[in-house]
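The first chain written gets the first letter, and so on, giving A, B, C and D; residue counts start at 1 in each chain.
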Amino acid sequence: MSLFRLGSGSYHPSGSILQITALKNVVQIRTATKKVSGSKTNKNDSAGRRLGPKVHEGNFVKPGQIIMRQRGSKIHPGENVKIGIDHTVYAVEPGYVHFYHDPFHPLRKYVGVSLKKNLPLPTPHFAPRVRRFGYELIEDPSEAVKEEQHMSRKEYLYQPKLDELSKAREENKSNLLSKFNEFISKELSLELGAKDLNLTLERYYNVHELVKLKGMSVESAETQTTYNYVHSLKLAKARGDLSSEEFEDSLAHYHDLVDQLSKKITVDATGALTKYLSAEEKASRKDEIIEKLETEYSNRVLSIQDKIFVGDLIATPGVFDVAEREDLAKKYLPLVVPLTVPGSVIENIDARKPPKGVIVQRIFDEATRSTRVVGRPKEVFATQ
Amino acid sequence: MLSRISLRRFSVLGAAKAAQKAEVDWIASKNQWSYFNDESYVKRSESLKLNKPEIRESLLSNSSESGPASIENYSQRLAYHSPVAIDETFKMAYEMLETDAGLIYKNIDRFRAKLKTATDEKEIEFLKKTIDKLLVSAEISNPEVLYNATFNPASTLDMSQPVYRQLAKEKWESYDLMITMQRLEQLHVIPDTLPTLEPKVDVKVKFPHNLEEEFSSWVTPGEILPAYAVAQPPTIQIQEFDTVESKQLYSVLIVNPDTPDLATNSFSTTLQYGLANVPLDNVDNVIDTKKLLENGDKFTFKDYVPLVPEKNAQNQRACLWVFKQNGELSIGDVARENFDIRAFVETHGLNAVGAHVWRQHFDRSVETVREQYGLGKGRVFRRVRGTKPIIE
Amino acid sequence: MSLNKVFIRQFSGSGAVLRAGYSTVQPVHHLVKVNKAALKPLYQGVLLPKDDIKSVSFKPTEISQDRVAEHYQNTLKSDLLLHNYEHGATTLKGNKKRSWGEDSPYKLYRNLKKPKGVSRPSKDVHPIRYDNVPEVESIVIQSYNKDALDESWLNISTRLQLAQITNVKPKQIYSKANILPWRVRQGKPCGGKVEITGRDMTQFISTLTELVLPRIRTFQGIKNTSGDSNGNITFGLDPEDVKGFPEIENFQELFPNLSGLQITFKTNAGTDERARTLLSSLGFPFYNP
Amino acid sequence: MFNPFRPSTISGFPSGSVVLKTFVRGKRQSTQSASTKKVVNQLSALSASRKQPKLLNLCNEDLIKHRTIVNAWKMFKRREEQRRHNQLKKQYKSIYNAMEDLKQTSPKLFELANAKEEGKRFPLEMRVPTDFPPTQPWVYNYSPKKETK
């Protein structure tokens, strides 16, 4: 009797497949006898597992309430419902239980929780989801302040670092501002009121940061800074801090100031504050520097002093932009001076005992298709 | 690399082509791909040229002894050796493709002539589309164009050229589009705001006022941003891949579908930013600070207010939608609260072509931003979610 | 007592490893196909197409002239078109799977019903036109080694033999059935299988027809009854015949125990008769058993 | 296996002290039998690892040149394919027209022409042409074998 039970695939908690397959190979002969003691596997019957639905169509459920206990997913979890480790289906939102079919999985039965009483499931595919907010407002002001100030452990541990960062930023800013202030008062001798000076400093600090940190072009950095100020004025007006006349006045004043400044100061490609150069002036300075570089510092091996001088020439404030500087540096201060430059190759040297300040290099000669050993002065290499 | 045998077959082909050659000789003599801005029938833009002359030289003429110009390191350049016979084979291939391109250009010319005399609107549309397609196929295998598209940053490509747009579109579809659609679906932007999206344009968003590097570059869809990083209106790039002849008008909406609604214990949608009648085209494709400063008032119908999530109100989504307009819109007064985006789109006959999303939750900068915008102090909710049902 | 579960130490008691799996597919709200693998930054190099020279699996293809393919294109194709032409012929419809109906979404998304009367659907037979002239699509070569059931290392040599003949790495095959008298147990490795196309395929055809088959004294041809009625023809070679392959012949000491081959020509001919004519055009003899 | 950090048990050293075994370069003594070696050899021949050729590192210009060459080659192949297709189409149309004509002029002949030829095979003598034909290029007095019934 027990053999048939096992073979028919009915649920049996302790029976294993191996046992079944082993038993299948036994040839059974039924005789007209009755075993008195039964068989070992006869008594392994467990109590019922109390499976089945626990709530029914249209019933209200609370979050976490079990809707169905089952073996395998006889019923699939639908909207606002989840499935547990043993395929127990439970609600995650309060609402009304509905059993339904889903057109995307036509052979499955689903159970879901509808958040409103008369809302059918499934929700149409392209309709917005119905969602519950669920968080309650804290009415008590002191409790609210306490809750608002509550930090997660991660945030709390991060505070000292944040303070440090903001301190460093402040310090950097004040340093820069004083430098800018010095530049404006000494080099340009601009007569500005305290308020205007402050505006100017703030403006060029922002432009400097945008250009230096983000690699923005000077023009768009200036536009962005103007926009920032105009935006803040607009917000002040919307808040009621400024009347519309005051707003217009401040706006006009700022535009005047910007016009006045833009003809005197500008920011360099590296973010440094410099004197404004007109387009013609800039072009003539460029030509001048390039010509000097071309005539005096090209096609020869440069000494260290020369290299420093060339570097300074390329970094002349306010003349070249970043790409141009890179190109010039590549051309006049290469990492390794090409072999074709006169004086950069010393032939016929003793590779074992090279003279002082000469570096031995093995090079490939395209013409003879062979390698040969040459010496190269130290100055040929930028890193030496 | 193609082997020697293939090389031989190439030359066999060359011989076979000789008969046809007389026919196309006049085209070949024009040297299509190195012919720019001329008054003849082939009017090619300068931007189809490789923009670095030394690399152009080393690509189109034989490899020089000093090595390829694209390798900047001197010793690496000397150490580099090209594959055997690549120059000869390339020359043959180039001639073949160039002749083919010449024939296509001849075809384009024919279609352009037809376009001049065409009157039927459908026919004109068809002709324009055909010409665009042909322009792409005439340039898509041009090595200079390939070089520009492969090695130069996408922002430097001239988007007025159909071939660059096609290449940009392929690149967009292979990554950015998939990321965007994945995030829109995962974060339920569709269908919580609009039912679906058939993406046509590449929408990119950034907040240029930020001084921090991590918040000033283009926002990846779905990113969580702090309130101070979004305190000013975003710069929005709308890259169209089809030809836009005169300026096309666009509308942009930013909505927050996660505003807590305590009356129903559910959520309502808030309109955070509204732009309409923004004229853009293939090249001028960005709504940036400069444009906002100059004529922002003209096309802003709802000023920007950033999302300021209150304490414990969980993540909120800023859903940005871009629409193509059929004509100029006149939008009256729209309420910010309880905004129904589906009804808005319906009434104004808008056609959604792109979307973007970023997320925000409560952080320490929310208070400052609230002050700036005069929004008053934020509410505070309990940290643990309650079990009260929706109020019907 | 045996522990057949893998226990992983975790903070949570109900870790992911112990959880009964439930996953489902949620329908999306758009029509863009999202290839998740392509979005992983580390996969970018691997996902390049194989014909891209930057791909790690790039292999040059145009390396030599393909005589058999050219002969087929230049000479045989037009002959086959003429031979198979049938005036006024129409498509013979196969027995197909059936729809449940389209009146409800539940029916629309359901798996199709079985074909009428039989368990498997059959294919349509189209008349031969200029765009579907019969051609060999691929060749599947399978080698079964009975001895490998006892000594599993023997099937290494069987697969190496296949690789040597075809220039393609063969797949391992495993026995499917439990037949105790033959000592066949399910899941035991018992030989190899390889499917070749393109250049490797035409090379194999020419070796077979020009070098191997002519030297088999007892070989009469492929049986005229061979075929699976869809236009795929199979024949076999004995271990003795396999020695005829030049790749094996010259290294006989490396292959002391060869195993036979089962060669299947997969064609798009549609019927066996057409497929046989196609194979005869490539130089395979046929005989009536 | 050789483990340099395993404490040695050689007598003469105090137990517990770590002694590094010095490695002597020389001929390795293999413990494998000849047949095992053979199998290992076969396996290594079969596995794909280390057989992949090295990735070609092309410079930017050469990469573009390569792609251009591939594009041209693809175009060539495409045209070849198109030409063959057109030719077959033409042949098909001629066959069709001829049969239509025959149907009108002589239905009897049409029946014969359209009859199925079951079991028809190409002659075995028809071979794939080779680059190096045999010394006797053509058998002029060839006559096909007569079938004996």
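What we mean here is this: a contact is a pair of C-beta atoms (placed from the backbone, for glycine too) under 8 Å apart; a residue touches a chain by one contact, two chains touch by 3 or more.
Fair warning: this is a prediction, and the values are worked out from it, not measured in the lab.
The chains in contact with subunit A and with subunit C alike are B.
Ranking C-D and B-D by contacting C-beta pairs places C-D first. In terms of their C-alpha centroids, the spacing between subunit C and subunit D amounts to 15 Å. Here the CA centre of subunit B is 44 Å from the CA centre of subunit D.
If you average the CA atoms of subunit A and of subunit B, the two centres end up 20 Å from each other. Remark: subunit A and subunit D have CA centroids separated by 48 Å (rounded to whole angstrom). In subunit D, the positions touching at least two other chains are 56, 58, 63, 66-67, 70, 73. The residues of subunit B that reach two or more other chains are 1-2, 6, 191, 195-196, listed in rising order. Shared interface positions of subunit C, i.e. residues touching 2 or more other chains, are given as 29, 53, 62. Taken as a contact graph, with one node per protein chain and an edge wherever two chains touch, the assembly fits none of the named shapes, being neither a line, a ring, a star nor a complete graph. If you check each pair of chains against the touch rule, the ones that pass are A-B, A-C, B-C, B-D, C-D. Interface of subunit B with subunit C (complex): residues 1-3, 5-6, 174-175, 177-179, 181-182, 184-185, 190-191, 195-199.
Residues 62-63, 93-95, 115-117, 125-138, 144-145, 147-148, 150, 206, 209-210, 213-214, 216, 220, 223-224, 226-228, 230-232, 234-235, 238-240, 330, 334-336, 338, 363-364, 366 of subunit A are the ones touching subunit B in the complex. Chain contact summary for the complex, subunit A toward subunit C: residues 73, 76-77, 83, 85-87, 101, 103-107, 125-126. Note for the complex: subunit D touches subunit B at residues 56, 58-73, 75-76. Here subunit C touches subunit A in the complex through residues 14, 18-20, 22, 24-25, 27, 29, 105-110, going by the rule given at the top.
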